[in-house]
Every structure is written in structure tokens, then in C-alpha cells.
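So the structure is just underneath, and the comments pick up after that.
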Amino acid sequence: MSDLFQHSRRVTYADCTLGNHVYYSRYLDFLEEARGEFLRHLGASFLRWQEQDVIFPVLEVHLRYRAAARYDDVIGVAVSVARLDRIRVAFAYRVTRADGHLLLEGETQHVCTSLAEKPRRIPEEMAALLSPHVSPEAV
Amino acid sequence: MSDLFQHSRRVTYADCTLGNHVYYSRYLDFLEEARGEFLRHLGASFLRWQEQDVIFPVLEVHLRYRAAARYDDVIGVAVSVARLDRIRVAFAYRVTRADGHLLLEGETQHVCTSLAEKPRRIPEEMAALLSPHVSPEAV
Amino acid sequence: MSDLFQHSRRVTYADCTLGNHVYYSRYLDFLEEARGEFLRHLGASFLRWQEQDVIFPVLEVHLRYRAAARYDDVIGVAVSVARLDRIRVAFAYRVTRADGHLLLEGETQHVCTSLAEKPRRIPEEMAALLSPHVSPEAV
Amino acid sequence: MSDLFQHSRRVTYADCTLGNHVYYSRYLDFLEEARGEFLRHLGASFLRWQEQDVIFPVLEVHLRYRAAARYDDVIGVAVSVARLDRIRVAFAYRVTRADGHLLLEGETQHVCTSLAEKPRRIPEEMAALLSPHVSPEAV
């Protein structure tokens, strides 16, 4: 895990629901944020692709909740590339508390499309940035 | 108050935070929903205006929180038109629990613009729909 | 599908993101709302169970996005019970547009716990309410 | 402005709605996050007060939207103390884009209560931390 990209954030009241735990949909917001920072870290943000008529709508989401994050916890979201083909990419995530305790494992699958949502091939530059990070076993 | 348009909804876990009360930003989501239903009720939804290159970005928001809404409460949002001029409209809101208890009073001020966010005059048809409902004292 | 419980709602600006489609995490909010109405329809709301020290934290979520919902669409969320055992229950969902077009298929798995998040047996009354609705093939 | 505490964050898809601008309620989430970091910076987080039976429910919110924040913008939220008395505190906010462009001015008023929502005096330690930062003209 030590080489994986990780993005951290602190849990706010906005993220929580009754019983002092993060509401179950909020993790998808955290994954989006971490995925965005991962792409930026690789060298080309989603915004840059969007400006080139390339977006990545979600096809599928799979989340396994392992423990609850609480208000004011600092959580880390590790991101890796689970799969990559000509038009699809899947990211894997591992959300942990600052003390290393596992909170959530997840995967999101995306298809490459134009802004008009027509499927298109993942740009070569992007595939080249992602492919060194394909690590199906990593997360 | 009896003649005011009112939209009801039930509070979900998604709306709540610690301590079993609705998170303070969520009321703005409720107001948007009620405002949309009010326009539909008047005879022309925001979608129809949007399709005619007319949108209503928010300029100002003022909210006074009177009591907390809790999980599973049914709340009603009464909407009226507080002010209307050639390019601006303000809506007033009164959020109550099913038992009539006051939860929140609010006002949102909007400017009429094109989709490109250029100010423009409120369409005559819309002004005609709204003006019978101007009741600065109502809420 | 005709016998399944269905809950409808209208898509708001709060639900949408760039490109006029519902943001991917918002569907989990819709599923929670529909699940809550389903339980109420069966005769015992989540609130009533909560008041008896019984809650249902999510263990796992699986979503397949089939088409985008747009601003002002009316969407229906059909809910059924996919599996039920002594301490776990899984709900299946099918989100459709008013014209019947499929938008999302999903499943959420829950464990029965006390408010202190200790696993406990699903109350017999609740199991009796749910078991006639177990239909693994329904959604 | 140069001495004010400022918290930065990047705008995600989750924050945005149609037309590529931040949805109007999301700013209240940003203000909560910045307010929390401000308190931490002063030396005592909201969590620490909460653990001592001291919370700060919102009484009133006032927001003036000056310009739209867009996807992937980095925004800064400057926080100051607008007013402070024995049981109430008001924070003022100024949200700007990285280039300094003003996006939003806001104020939130809070009352000090117990977890059971009974009004109580602001703890002396907290008043001592806040009072050097009272600057009604700052924002």
C-alpha cells in the first residue's frame, strides 16, 4: 500500500448523520475528490480532459463499509487503477482513519465519453499516465 | 397563511447530522424544491424558463432557524413572493412541522439572467404569473 | 414489477451536477428515502425500530448506472427485499424515469444492530413484515 | 484582510449543479468546514467543546452571492468573529477564488447550548480564544 496515492480530508458535520457516523452516500463524494486529486497528481486533471471533450461517467459502484468514520476524524483515501481498457477504467479505493483502521473499500467503474455522452476511446496520453498505476491487487 | 402554496416532505437520514437535527445547509435544498413546485403550481416550471434561456441565480439568502427538524418529521415549506421588479424576484419561506411548529423563516433573492448569466428582464408571462402572489407580509 | 413498492420524487438542482445529470452519490439518498417509505408502507418505520434500539447500518452497496436522470425528471424507485436472514437484510432497487426508462439498478446490504452498533437479531415482527416481500428475482 | 484566518478547498463535481456553478447550499458546507478549521487553529476544536457538553447551533445565516465558483476552482474561505457576547457568537466569511475574485460574503450567528440544546454561557476559555479575533469590520 505504501506507494499508493492517498488524499486526506477531515470529516465535517455536513458529512455526518444521526449516531455520529458519516452518511453512506458521502463516501462517494470523498472518492470523487480523491480520484480528482489522483488524476491531478498523475499530471492531467479531469478539468483538462473535460476541456478536450473527454469525461468519465460512472457505470458501476461497489462499496464495502468496514467501520464508521466519526465527526472530526481525519480520513485518508488511497486510490489505484484496478482495470484499464480502451474505453473503460476502474479505480479502487481504500478509506482509512488516521490510525490506519480500515473504514471502506470501494471500486468505481467509468466509461470514457464525449461531453455529449458518446463513448470514445481513452486518449493515449491519459492511458499512458494511468497504465503504470494499474494494480488490481493493490487495494 | 392559509392561502399560501405549501410543499411537504419527510426528513431523511441524508438531511440530518449529529444530535438528530437537520443540517443547516439542507434547508436551502428544501427551499429550492418548494420554490420549484411553487413555480410549477403557478403554471410554468423553472425547466420551461430554462429552455427559453431564462434562469434565476441566487443573489442573497437569509435564514432564521427557529427550531430543529428531526429525522422522519414531515415538514411543510410555505412559499410566497416577497418582492418583484423588472429583473429581480424574492421568495419568502416559512418551514413548519406537521403540528404547525415554526422551524425556519427564510428569504431568497434572485436575478433573472440568460443561461450565459447575463441579466435580463423577467419575461412578461412570468411576471404575470408571479405578481398576484406578491405578499410582502405573508411570511 | 407491477407489485413492487415504488416511491417517486422529482430531480432538483441540488441533485444535479455539471452536464445536467444527477450526481452519482445522490442515488444513495434516493434509495434511503425509498427504503424508508417502503418500511413505513409495510407497517413499521425505521424511526419506530430506532426507538426500540434497532438500526440497520449499511454493510455493502452495489450500483449499476444505466442512464442519466436530468433536472426536473420524475423518477420512481422500486424496492424489494433481495435477501433476509437472522441478522442481515438486503434491499434491491430499480430506478426508472416516468416513461419507464431504466436509470439505475442497485442493492444495499444491512446488518441489524443496537444504537450502540452491536449486532443483534432482526426483531421477529420486522422479519414477519419483510419476509413476504423477499423476491430475489424481482429487481 | 491579510491577518484573517483562511481555509482553502477545491470545488468538486459534488459541489456543482447545472451550468457549472457551485450549488447555493454548498457554500454553507464550506463555511462550516472553514469555521471548524478556524476554531482548531485558535486552539480548541468544536469536537473538544462538544465533549464538554458545549455546542453552537446556528440561529441565523446571511449570504450574499457575488460570483459563481466553478468546477476545479480553488477557493479560500476567510473567517473572522463578527460579534461575541455571553451566549452568542457570529462569524463573518469572505469566499474568494485563488485569483482574489470575491465569490461570497456571509455571516452565521450561533448560540451556545448544551448537547440537550439548553442555552448556556460561552465557556470563558473559548471567549478568551475568540475575543482577540473580533473584528466587525474585517469581512
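Going in written order, the chains are labelled A, B, C and D, and every chain counts its residues from 1.
Here is the rule we use: a contact is a pair of C-beta atoms (placed from the backbone, for glycine too) under 8 Å apart; a residue touches a chain by one contact, two chains touch by 3 or more.
Please read these numbers as outputs of a predicted model, since none were measured by experiment.
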Longest centre-to-centre distance from chain C, chain (CA-based): D
Chain pair, A-B or B-D, that carries the greater number of C-beta contacts: B-D
Whole-Å gap separating chain A and chain D, where each centre is the average of the chain's CA atoms: 28
Centroid spacing, where centroids are CA-atom means, of chain B and chain D in whole angstrom: 24
Distance between the centres, which are taken as Cα means, of chain B and chain A, whole angstrom: 34
Multi-chain contact sites of chain B, meaning residues that touch two or more partners: 13-14, 25, 28-29, 32, 71
List of chain C residues in touch with chain A within their complex: 19, 21, 24-29, 32, 55, 57-65, 68, 115, 117
Residues of chain D touching chain A in the complex: 10, 12-14, 28-29, 32-33, 36-37, 45-47, 50, 71-72
Chain D-facing residues of chain C, complex: 13-14, 16-18, 20, 23, 25, 71
